[in-house]
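Think of it as A, B, C and D in the order they're written, each chain with its own count starting at 1.
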């Protein structure tokens, strides 16, 4: 779960990590009020979950409350990378002597946290040359220690005798504490500003592990998923919207990706990724089909290799949904594994002959999608498709 | 021979009395796995499927020789269960559970390293030494003994490919699921080394997916291997920036792409199948059948 | 640093560990007020740093505010094991279904924390038979884990299905957190009460590592040392008052103990233990001598084996103090090690011939103490001494 | 021969620029210790007493072969310094610092165990392999080469007894100060095992004190030893319940008493001296001089 900058800074402040004076606002009047409270030049920052808001004009400066109000008026209602700006953060404008970069994230390959620092902060870290980046893995059982932080500070070119050295060591310890105690996947400060003899987190990018949200009741919640993806998530389904016209449902992330790949190989365009996982019952199956149908596909492929999933359960759920809801597009089902025969018998009752092999089922689904496209005249919903004309969705199936 | 587990492996099931734990205990027993004990917080002292159930792992270990544990404990208790097994001295711990917080996973993996133990998973289908021992959840019929080692990041895709192998009469020495999460115990390299050293294994199938750099790292080691490796990488058609089901299956900042992985593997001499079903065909060629 | 029960419970409460309703008072009126707030039967507990207050009558019960006031009047002014009762804790009287024992302390031999639990709480843990005590070492890098706590709970005879099981597991986790985060040497709950379906810490014994107090600014301070011992501690001297009449100063805990042993062997009785450590300058030496003289010894032995300590520094400090303050009792000095010759020359200037060997110096110090005892008629201050008559303190020396 | 350190041990001094660190660096150099590097947070890049000073241990290790570290860092930074040395791979770490919080000591000792390293101290005078290498703070003149191993919990008492030995012409193989704190890295048993295995050591002096049960545990091992052990236990005259200088030197709840320790040692065949100066006399007897 990505957190807005202002939320990240609230967490920082709770742990005593220095952040600029200021707070979140939702209207120009509030912006003016906060600017008045701060009583000097301010910065007004769009709160969107995108890293490129600076370049997109999402950050403005003002010298007084009136200016802040005007800036806020401009920013609210802007759209940055497709995201509407609805929240602003109004903060004191810092006198910047130097901008550093600091983050802690998880290195899956190393299986441990990694601290990344650079004396070249303020720009996107991807744009910082490798030679200016300092990477230090943190052993889980050792945690952050002063000697590690001191070494990183030094390698950033900050002398032990500088006024910032001790503050940075302390800040790194605090940031690691936040990272572990708040179940973060990423805590990033860019820029980390040296201002006079102070060290201040001028930005905050915090991402919390979704799987750990249950034990982080004090953190605010941010919903980044589309409404559909969220509905799927709540049902235990992993759902991603794609641009094509073939609905996909499979059980397992790998086989779902494999299904997409196979469809693509045969010239099809998947409309979605939907991993139904191991144990989807009738309700889950109904919901999954609903999500898929909402993408208005030309055909649907259901690819089940029953392990934990039992084929008869899937077939029963599908048959029941089909009977209740009808099925406006052709559905191709591949069904093998646990209780395969029972499952196929159930499908036969609703007029579906299951396939043995994924590639055959995929070929058929592509064929159906393309066939239908060639019948009617509706515009393709998929981008980059070569098919020129598409058919009305059949209600027969 | 096989790697990691075999017909002499004595297994404990942690969380044996839960719905999943009990069902898969039955399945594992049916496959021939030597399950000698189970744990259950609420059913200690009873017997399930003829298996004695204990309150905790230490008590079970005091009463049985136990080589390996398979964990069916929900995500919020899985770290505790894994640490319990490791602390009791068990050297192979298979964590089937999914949705475990990543900080918990790092803690378990670090502690396993400290005590010199092996963690398979989390979020894995488990491990099968075909015809000898199954720990985890894959369907029994698709795993037959043979000389192909399989190592994978995802579950059903593995069944798909192993199913194809078996359908063509190609058996497997051991099939290992590393787990789909971002932090898991074993790496491809760990497992490839085991296969390289296993006399029974003649060829290896590596089933990867987009995201991370596990396949790229594997490529480095594969250059040193004497045994042929065939790979399939899922996610060729996945868009960047979207998490494809698995926590780790995401192309971020241009890293972990399909093409990068295929290039690295191809350069290391790996034959990469474009579709899952092609793997069995290529393996047949490789084994000269 | 031992903490009073009420302080320990305040720490417990901060961490969410359940304690009885109530608070600390210093007068009978306050006791009545708290009892009124609680509104039911209360217990009034003397706050002294002694484990035996129950047997000494330091705990009373009352059914109403008047009773609480009367009980408080009785308790305030009592003395328990030599300690005056100045503070009381007034708490709700718990309905006790069962009393458990739980503590975490440090096992120096194992080099790690050890959790001790028993289903037989409420009495002194020393009185609990070994077979009823459950001891579980906690690996520092693993910390407390649920499986450890669950196992201890079970071994206390509490079923997993009981309403207390989960609460106890949680409580053990919290107690370990307090133990580590507060730098405790001991956290003890005795009794840990099962009351209905609740688990409540009815007592709290918390001892904080003195060496870690510098990083525990939020904890209250309790002074257990005598004024003299505290003065010594503040100067970096380890000082313990003993019952004899020979003042002792040495450098190093082991050699100081060895000096006491040697004096005792030759029939002397040390008046104190004073380890001046490695680096005591003039101020420290002056203070050390002042502390020793406050014990009114008959003779003093200074035993220095110079390692870090340099003999000339010690000699210079002693000579200076002697010149400024005079020295009312005979002083025997043993001085060897770093800069030994320079040190001896300085001592010679103030009329003291240093000894080479500890045993010779000790013999002399005993002789001087006893000799003087035989001259005059003052009563010995030491208990158990055989010397019958003591002399007036000489001012000559 | 000697135990733990010898003439080939390359030493780093952590905190070389502090008052104590610098003074004892001079003393150690004078004794012949091969100090190859030092660290100082503020003086990195300079040279002190001809020794190159680095910002941190890792940098020093990148430039020198370093076998052992001796730490002169104040208590509030000592844990960090010890972990730094251990993390850099140094296998013998001598922590002279006193007043270190006990939780820090437990953390350091646990981490040392994890990385397979040896911690001497904290709150120790150090270790001297007489005539070869001194790490720590004991006065140089009193340590001469010979065949008696000495292991102790306290400092000046050790100088006292070693001084007596030396005065009688009895040299020492190695003198080890375990440290006076409640939690220290080495136990008597650890050191006794080293002495038992060291061909140069013919007899061992154990200098204990009241409190804890280290001497009782040592007694168990001494029963297995082939070499004679002579002991002195400080604190015969100490009252119960009072902490005699050292954090560990306290008789609590009737445990850790003088008599209990003497009994255990005597039963294990140890000759226990009643006063410090008697140790040298008994050793002379034991060695047949």
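Please note the rule applied: a residue touches a chain if its C-beta (ideal position, glycine included) is under 8 Å from a C-beta of that chain, and two chains touch if they have at least 3 such contacts.
If you're wondering where the values come from, they're calculated on a predicted model, not measured in any experiment.
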Chain whose average C-alpha position is farthest from chain D's own: A
For chain A paired with chain D, centre-to-centre distance based on mean C-alpha positions, whole Å: 56
Separation of chain C from chain D, taking each centre as the mean of its C-alpha atoms, in whole Å: 27
Multi-chain contact residues (two or more partners), chain B: 111, 114
Overlap residues in chain A, where contacts from two or more other chains coincide: 139, 141
Contact graph of the chains (line, ring, star, complete, other): ring
All pairs of touching chains, each written as two labels joined by a dash: A-B, A-D, B-C, C-D
Residue ranges of chain D touching chain A (in the complex, touch as defined): 41-42, 44, 55-58, 77, 80-81, 83-84, 87, 111, 114
Contact set on chain C toward chain B in their complex: 139, 141-142, 145-147, 150-151, 154, 160-161
Sites on chain C touched by chain D in the complex: 106, 108-109, 111-113, 126, 139-141, 180, 183, 185, 209, 211-212, 214-215, 238, 240, 242, 250-258, 260-265, 270, 273, 275, 278, 305-308, 336-338, 357-359
Residue ranges of chain D touching chain C (in the complex, touch as defined): 20, 24, 75-76, 99-107, 109-111, 114, 125, 137-139, 142, 152-160, 163, 180, 182-184, 187, 207, 209-210, 212-214, 217, 232, 234-239, 242-249, 253, 274-277
